[in-house]
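Have a look at the structure below before the remarks.
Chain naming follows the written order as A, B, C and D, and within any one chain the residues start at number 1.
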Amino acid sequence: MQQTAILLLHCPDKLGIITEITKFITDNNGNIVYLDQYVDKIDGRFFMRVEWELEKFAIPAEKLSEYIETLYGQRYNMQFQIYFNYEKPRMALFVSKMSHCLYDLLARYKAGELDVEIPCIVSNHEDLRYVAEQFDIPYYVWSIKKDWSNKQEVEREEMELMREKGITFIVLARYMQIISEEMIQQYPNRIINIHHSFLPAFVGAKPYHQAYQRGVKIIGATSHYVTSELDAGPIIEQDVVRITHKDTPETLVLKGKDLEKIVLSRAVKKHIERKILTCHNKTIIFS
Amino acid sequence: MQQTAILLLHCPDKLGIITEITKFITDNNGNIVYLDQYVDKIDGRFFMRVEWELEKFAIPAEKLSEYIETLYGQRYNMQFQIYFNYEKPRMALFVSKMSHCLYDLLARYKAGELDVEIPCIVSNHEDLRYVAEQFDIPYYVWSIKKDWSNKQEVEREEMELMREKGITFIVLARYMQIISEEMIQQYPNRIINIHHSFLPAFVGAKPYHQAYQRGVKIIGATSHYVTSELDAGPIIEQDVVRITHKDTPETLVLKGKDLEKIVLSRAVKKHIERKILTCHNKTIIFS
Amino acid sequence: MQQTAILLLHCPDKLGIITEITKFITDNNGNIVYLDQYVDKIDGRFFMRVEWELEKFAIPAEKLSEYIETLYGQRYNMQFQIYFNYEKPRMALFVSKMSHCLYDLLARYKAGELDVEIPCIVSNHEDLRYVAEQFDIPYYVWSIKKDWSNKQEVEREEMELMREKGITFIVLARYMQIISEEMIQQYPNRIINIHHSFLPAFVGAKPYHQAYQRGVKIIGATSHYVTSELDAGPIIEQDVVRITHKDTPETLVLKGKDLEKIVLSRAVKKHIERKILTCHNKTIIFS
Amino acid sequence: MQQTAILLLHCPDKLGIITEITKFITDNNGNIVYLDQYVDKIDGRFFMRVEWELEKFAIPAEKLSEYIETLYGQRYNMQFQIYFNYEKPRMALFVSKMSHCLYDLLARYKAGELDVEIPCIVSNHEDLRYVAEQFDIPYYVWSIKKDWSNKQEVEREEMELMREKGITFIVLARYMQIISEEMIQQYPNRIINIHHSFLPAFVGAKPYHQAYQRGVKIIGATSHYVTSELDAGPIIEQDVVRITHKDTPETLVLKGKDLEKIVLSRAVKKHIERKILTCHNKTIIFS
């Protein structure tokens, strides 16, 4: 596999940015293997993902960020991130009692579908330790008291573990705890949640029961980045399935589980591939 | 075409109802051509639609309701409706300025897909008169003042027209006016609306703009019976379409229009076929 | 959980069958908990699934088949099957090298979603032994030579294993071998396959490459019972996903894997619930 | 509305093409309002659609093609087309007896959704003349004899009409006649058909009956450019809808009609927007 650099950027739209960036890469002997851009006409904002081979590229990888900042950062008022395909993202999985999302992610990981490291699984329950053991991944449990009296302390220890393990992003694979503001700020747009409804319908607890009560004919699942407002972060992926009056809350849960795992896995894959940009509480998803 | 009777009923679930009803029909020489039933285990409620040929049926059509009431009504605490396939529903279409739902329904009507009469089209604007004229259907306009000062009077005249024309149900084909409580009570579960969102997400005005703001990845449309609570009546049909970050409010409107007309037409067709039962603000839709 | 009997039947349509069968059950103190029927007007054929509690039922379970045959079998020229919910189906999984369908079924099994026994996993390769071991299920490997010189012998041994283990149905979870006529006849409508295309498009080998070549905009997966004609058995379930010109055979394989596992699992679940009837190479799927 | 030029091109992939083309446009004071490109890695082929405002553009519109050919055509072995947004495509509609696709296209046209001229509707039957009259569009009928003895002559007259009316593309809106090789060659990738199946399943006549016979659980519709091989041209758009064992050929036809009109209209819209490139019997659809 060729080593590549990935540049994700956005800035106010201006004539010629794409020309400049691609020229910069090709002039320095970078072979572009991926290029996609998008202009938000309403906000007047330019978004771009470009990936190129480093083999003959004139600028050393460790200097790249500095060059981009110097050459284009201020001039275009540009926000950008640089990744290298040989630096794998390191994902922590947070779970509670339901195994379907966890199994789905681990089965993909094991089959080589996700180019990621999984240094640990964290839970507030012992229930899924056996899954972690099946896949030989360390499993950490911190019980959270019903009155949340130890929540702050637990999160501090979890964050300590995240640091130790060099975690770059967190996936809440049906983790039934609210994440505190402090933790979110340490992983901005780097905590992915799966909510078991078609957001913004049925925010909060027991969305399948809400859907049953309302008598909808379609249910959904939504994967989004976690922000301080509950279930209101930037949406990465959604999908739905048709239901009928014959469905009960129990069959909705079963049908929903299939949605949840597929939707979460798609979102995680896009994140790992560094194909998501976030702006104004929305995502731009490159294909 | 054979003349048939259609019996739609629901009642508390009890052993043997289906046996009794089918026996009643067959014992009286009715040839059952459609039978579907559903038991809501959670509410303990039984729902049924049965249709049979009247040719050799022993009980005269005009006595049927009386017989059902006497034999089963009180005994099973049963709510029921009887229809005859030779009595076509009479549909009034209410429209404002957008033509897509109107055209879709009229094109189906003209092609013989909808077994219905359309005695009139009602609007608060002149805009779509040309469509009504294309299809030779009387078009009535009552302007509603911005301060709603004449709304009550307009509705009274509209209701008068409904009576004159023998209207059995009303379809709001993107009619951008709120229907008053009085009008709803005259047509309970007989006013069908199309809302341009995947309810209960984005209730109220400008749902596509709301969807754009929220950054959802899927938009929908919902057809429901109108009740006194805005956009909260029993849902008949929903459908969705996938969108991306590239969509603007304008392209959402265009994509949504395709959903709206298909979803509304499906709901209208089910209503015309007398395949919808309503209970506890939900619909049972027979196939 | 209440013990129940499940009766699946079909026969030429005739007035009063449903009345007779439900009367038979209720007269003998069976409490009906599920009833669904369907009349194929074109073929003039009646299909029914009825399930009732055995607690106070007057006829002993082991005599039930005899009674149905005597009372209705010949009279209605009826084909029927009887199951009891306390007799779990016993499923053998056949796999080759791809793990996604296997993991998906085992994760559901482990989570209690599938009311089934899984006495063994059979393969023509060693590759997935680790998955079987993760879930503590015996894994049997018979290599099949490229010239098929040992295929007959292998199948004989596999059938021997099926008998020993009391297998009631077989699931080909991406098992890349053709099943012989002999084996199919021992498990008629009891071998479930997943084909990685939207049948009847792209029968045979490498359907994703065929789809890529043809430039379709949607790909699918199909679960069906295996018959002697390749990929032509009764279809149980299908689903599709939208693709674009940007997809390569490799991304089609990835997207398809998600379809395959969901479609296969849905089909397996319906089979386990005894909700499938087969007639004229088509399935009736009760809801 | 600003006047714009649209350049659609494809050529063997080579470093720097996108830079050159965008530089060419911006250097000549063209303001790029749309840019999308795609690299087919398997075929090593580059595809691009770029649109820019002509207001201050240095090169006169009528010289543009010459410049592109001279500067890039041979050098990159490039195939390209140039369009101007102020030159509306001129569409001829060919129909037979079914009105749903025709109504759908005309209703969109009337609502201003399609930026196109419709100078004529052509048919082999009188049946839909009333629709053409509703929309005040000239309707031409040429009956084709069952033995096709006058087919060549009819097509010659139709082509004569196409020339007179300056038709740029033809839409077969459920036109139930095979188009001859001669006619296809005069409109290469400019005749759009709607086939009422999910191609390549159920090529040819009566696809809904074929689908019914096969017992599929999903049906589809496919819009494609017409080539000399029946139902085998480049696919533009497809969509599907779920069906059940309860569907008959008649209900499949009804459900299919909704698919057909939506799928055809989406394809027509993409064509009108000049967002389709065709290569190796496949389409690249820009978003």
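Basically, a residue touches a chain if its C-beta (ideal position, glycine included) is under 8 Å from a C-beta of that chain, and two chains touch if they have at least 3 such contacts.
For reference, the UniProt names are A, B, C, D = Formyltetrahydrofolate deformylase.
Everything numeric here is computed off the predicted structure, so don't read it as measured data.
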Tell me which of B-D and A-D has more C-beta pairs in contact. B-D
Repeat of the A-C interface, chosen from B-D, C-D or A-B (over half of contact pairs identical by residue number): B-D
As a quick test, compute the distance in whole Å between the mean CA positions of subunit A and subunit D. 38
Subunit B and subunit D: spacing of chain centres that average the CA atoms, whole Å: 36
Residue ranges of subunit B touching at least 2 other chains are 244, 246
Across the complex, what residues on subunit A touch subunit C? 98-100, 103-104, 107-108, 110-111, 113, 134-135, 244, 246, 254, 257-258, 262, 265, 287
Along subunit C, where are the residues that touch subunit D in the complex? 38, 40-42, 198-202, 214-218, 220, 234-240, 244-246, 248, 281-285
Quick one: which bits of subunit A touch subunit D in the complex? Just the residue numbers, please. 15-16, 18-19, 22-23, 26, 31-32, 35, 37, 39, 242
